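Here it is: the structure, laid out below.
In order of appearance the chains are A, B and C, and numbering begins at 1 in each one.
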Amino acid sequence: MPKVLVVAETKNGELKKPTLELLSLAKSMNLQAESLLIGKEVSSQADLLAGYGSGKVYVADDAGLEIYNTSKYTSLVADAVGQSGATQVWITSSETGRDLTPRVAARMGVGALSDVTELEIDGDNITATRPCMATKLVQQCRFTKDGLRVISIRAGAYEAEEASPETADTVSLSIPEGDSRVEVRDIQVEESNEIELNEASIVVSVGRGTGGTEGCDFVKPLAGEMGAAFGASRAVCDAGWMPHKHQVGQTGTVVSPDFYFAFGISGAIQHLAGMSGSKVIVAINKDAEAPIFKVADYGIVGDLFKAVPVFQEEVTKIKN
Amino acid sequence: MTERMWNNHEMRSSYDVVIIGGGAHGLATAYYLAKNHGITNIAVIEQKFIGYGGSGRNTAILRSNYRTEEGILFYDQSLKLYEDLAQELDYNLMFSQQGHFTLGHSTASMQALTTRAAYNRALGVNSTILDPPEIKKMLPEIDISNHPRYPIMGALYHPPGGIIRHDAVVWSYARGADQRGVHIHQLTEVQDILVENGEVRGVKTNRGTIHCKQVVSCVAGWSSEICKMVGIKLPLVTHPLQALVTTDYKPWLHHVVVSSTLHIYLSQTDRGELVCGNGIDHYPHYGMRSTLGFLESYAAHLLELFPILHNVTVQRQWAGLCDMTPDYSPIISMVDDVDGFYINCGWGTWGFKGSPASGWNTAQMVAERKTPERIAAFRHDRYVKNRLVGEKAAASVGN
Amino acid sequence: MEIIVPIRQVPDVALNIRVNEGKVVEDGVSFVISSWDETAIEGALQMTEELGGEVTLLGIGPERVSEALRKGLAMGAHKAIHVLYEEGQTDSFGYAKIMAKVMEGRNYDLILTGKQAQDTDAGLTASMLAEFLDLPQVTNIIRFSDLAVDGMTLYRKGDHGTEVIGIKLPAVVTVNDSLNEPRLASMRGIMMAKKKPMESLSPSDLGMGAEELGLQGSMTEVLKFEKPESRKEGERFEGDETETVPMAIQKLVSEAKLAV
């Protein structure tokens, strides 16, 4: 009987959306799922996990787990797998997930499939589709030997379903010592109340067409008004018009929001690799032949400096 | 509003002339057909984007110091057209007529260079022979000592030679043609040429069929593929030719330097990068890929000529395709068996400098439906008639 | 400080990658060092320039991999190891096992490599190697400091900020391309690369049997490669922005269910 262990991710004590997506996916596939909750002061999230379909929730709540720590987290996953008898481990393909997934797999003596965008599951037989070659190609893979299935799944690849209130059945895990050769000292966070790119359901993004920092700043307020995250093309970040944390792309942040608004972005392949997973792409560009129009669901050929104020007007209308 | 240098048009179902190949030769042919002969109902069909082939990959060296009478006169016409081209096309082509050195490292080589200089001068082309101290005066960084394996013995110095911005030539010919009503269709692949009763009827592409009576093939490295479609075999073999560009340095090299014996050439762009080339790869191949072997061989020879360049860093390598002919001269010709089909190919490693004259004369051939005198020697049947125009000594590096 | 940099030779992903019958077409393809591995080579060179020591490259694959190794030597690496490997499809687990065998009995302080390879984009091999060697790992670093022969401070790009981690060597570290701008090979570097030591090994030299190689030694397999479904162009609006934008938004709300 297949059994999935979902490794939950939290931020500031709250569950992140991709975790809910994984649980919803397991539920939609009628797979028995349990979850592993690691962090500092995260225990309250157990009920929410149950609400999304988790059976037992294995909890490791400790100050020393606030910042990601490879050795401790790997030990905890191994512990939870042992206790739950899970046959599959699902992890989000986040920076944490990318580090954790292979270490867990190797610890358990098995292989892994990472950054999966599509899964076909038949018991513990898994066929996974994942992007490769800078997203120019996709490959279909499967596990070839018996054993634990360790997979990391891209955020936004699946939808989170609505939750029903539940009380969780929790199991406390003993907190591991961790590797003495590694000292996770601190995390440097840029304080901002901006919505994070990889969490947003709407992204408003700017490209070279803005012509400079002023142009980017002209568009930025629209993001706030739409409740969107603010993104930028690599060209804009490399030119120093916007900080790199806004960069959308394979070397920046790969996003897959519901709506991606591209202002003055031509649609170079590196950029597309970072946002082609968006559900709806809206392009605003004055060049009718810009490549982005070939992939945009809605393409507005026009001057972004004229379009933005009209956008703002319309958005205000919708909100009222 | 964004201004385009050339426009995209709906493909018509028929044109008077179809030119296959959107490189400098094809676009120059279109331009001169329109400008010199008033023929404007033309389609230039390009499988990728204009300048994708040799036109965008060459090391942009222009000269006319060839060896045969036919060659010298042809490339001289071309160079003179280049001299006025920026004015003609109203575009900065960055033609720097800075002078061109062909170094000789053996007595045989010096003999060949001396003969070339004499032939050049006899036909009004400026070339002269310099000895090592004279070379050193103009190229202070060069090593004229006996230290290298093949010391320099002299050079053919050709003042009218120089470098140009190859992309600019392609784009401005495209604009000039487009302004005169020529349609340029990119990302359009020719799949077949329709011939009936020995006459050209049309061209089948991946975007539809075009009816036309005249088809000109200007596809250089891909010529064998196109000629297969009309059942013509040409004595062409395609080889890769590699090149590299270094990071930029302050201007120090003020002339083009070529060494046949060492198989290398280099020049410095006004952005400060050294553009460097070699002889063709030994084996026939359609892959436009770069190899380590080329890099290693180039580095070794370069450092023999200019030892101070040892810390120069390599930014980028690339390659193009060269359709080599047995005599290192082009084939610009009508074809007896297929009426309305014209070939312009066999440009090997000597194509870019010939683009204007190639376009000019090909346009004349297509417009008048007969071979102009100036290119009579470049007919494709010269191989059968044993009238080769032997330019190997002057066309490429390797002796 | 002895640093080993495993590198991967990949098709140049900046160019067109074609697929034929589920397999990637290698004919006429330019091969390059995976760009994150170039970042690792540069990082390793900077570390040995500061502390002394040597950078050894490790490449696993067919004959053509030696070209990638020579290019890395041309950048300034000191030695290279080429495991001549032609056993066919191998996954990260399989490669990590081979690397672990190569490391057996070798003296090193640090294994530094790219966070993922540009062809698979899998990002698994280095961490699996760390586990097999029982070494600590830090992945996705954007900076390092406090370099010493027995340890250093690493700055990792995490999900919520930059994680500051002190690590004791030996260890496995993977790099993010923001770490540095890899240096270009110089003409002299290219010449000297020909003379630098390149050790050639076969899997049997490493004592590996057929059951540990190729598909037999792997835990996963690639069934096929495909071009992803390309998005199609949708609706276009041209004209005065005061008209086109409201039209587009109206459609976004009614058709695409945009909610702000």
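Criterion: a contact is a pair of C-beta atoms (placed from the backbone, for glycine too) under 8 Å apart; a residue touches a chain by one contact, two chains touch by 3 or more.
None of the values given here were measured: they were computed from a predicted structure.
Centrality annotation: C (chain centre taken as mean Cα position, compared with the mean over all protein Cα atoms).
Taking the mean Cα position of each chain as its centre, A sits at the greatest distance from chain B. Our note on geometry: chain B versus chain C, Cα centroid distance of 39 Å, whole angstroms. Centre-to-centre separation of chain A and chain B, using mean CA positions: 51 Å.
Note on chain placement: the centre of chain A and the centre of chain C lie 22 Å apart, centres being C-alpha means.
Put simply, chain C touches chain A in their complex at residues 11, 13, 17, 19, 24, 91-93, 96, 115, 118-128, 130-132, 136-140, 155-168, 171, 176-178, 215, 218-228, 230-242, 244-246, 248-249, 251-253, 256, 258, 260.
Residues 247, 285-292, 295-296, 299-300, 302-303, 309-315 of chain B are the ones that touch chain C when the two sit in their complex. The residues of chain C lying in touch with chain B in their complex are 27-31, 67, 70-71, 74, 183-188, 190-191, 193-194. Remark: chain A residues 9, 11, 67-68, 70-71, 94-96, 98-99, 101-103, 105-107, 110-115, 127, 130-145, 147, 179, 181-190, 202, 225-227, 244, 251, 259, 276, 279-282, 288, 293-303, 306-307, 310-311, 314-315, 318-319 touch chain C in the complex.
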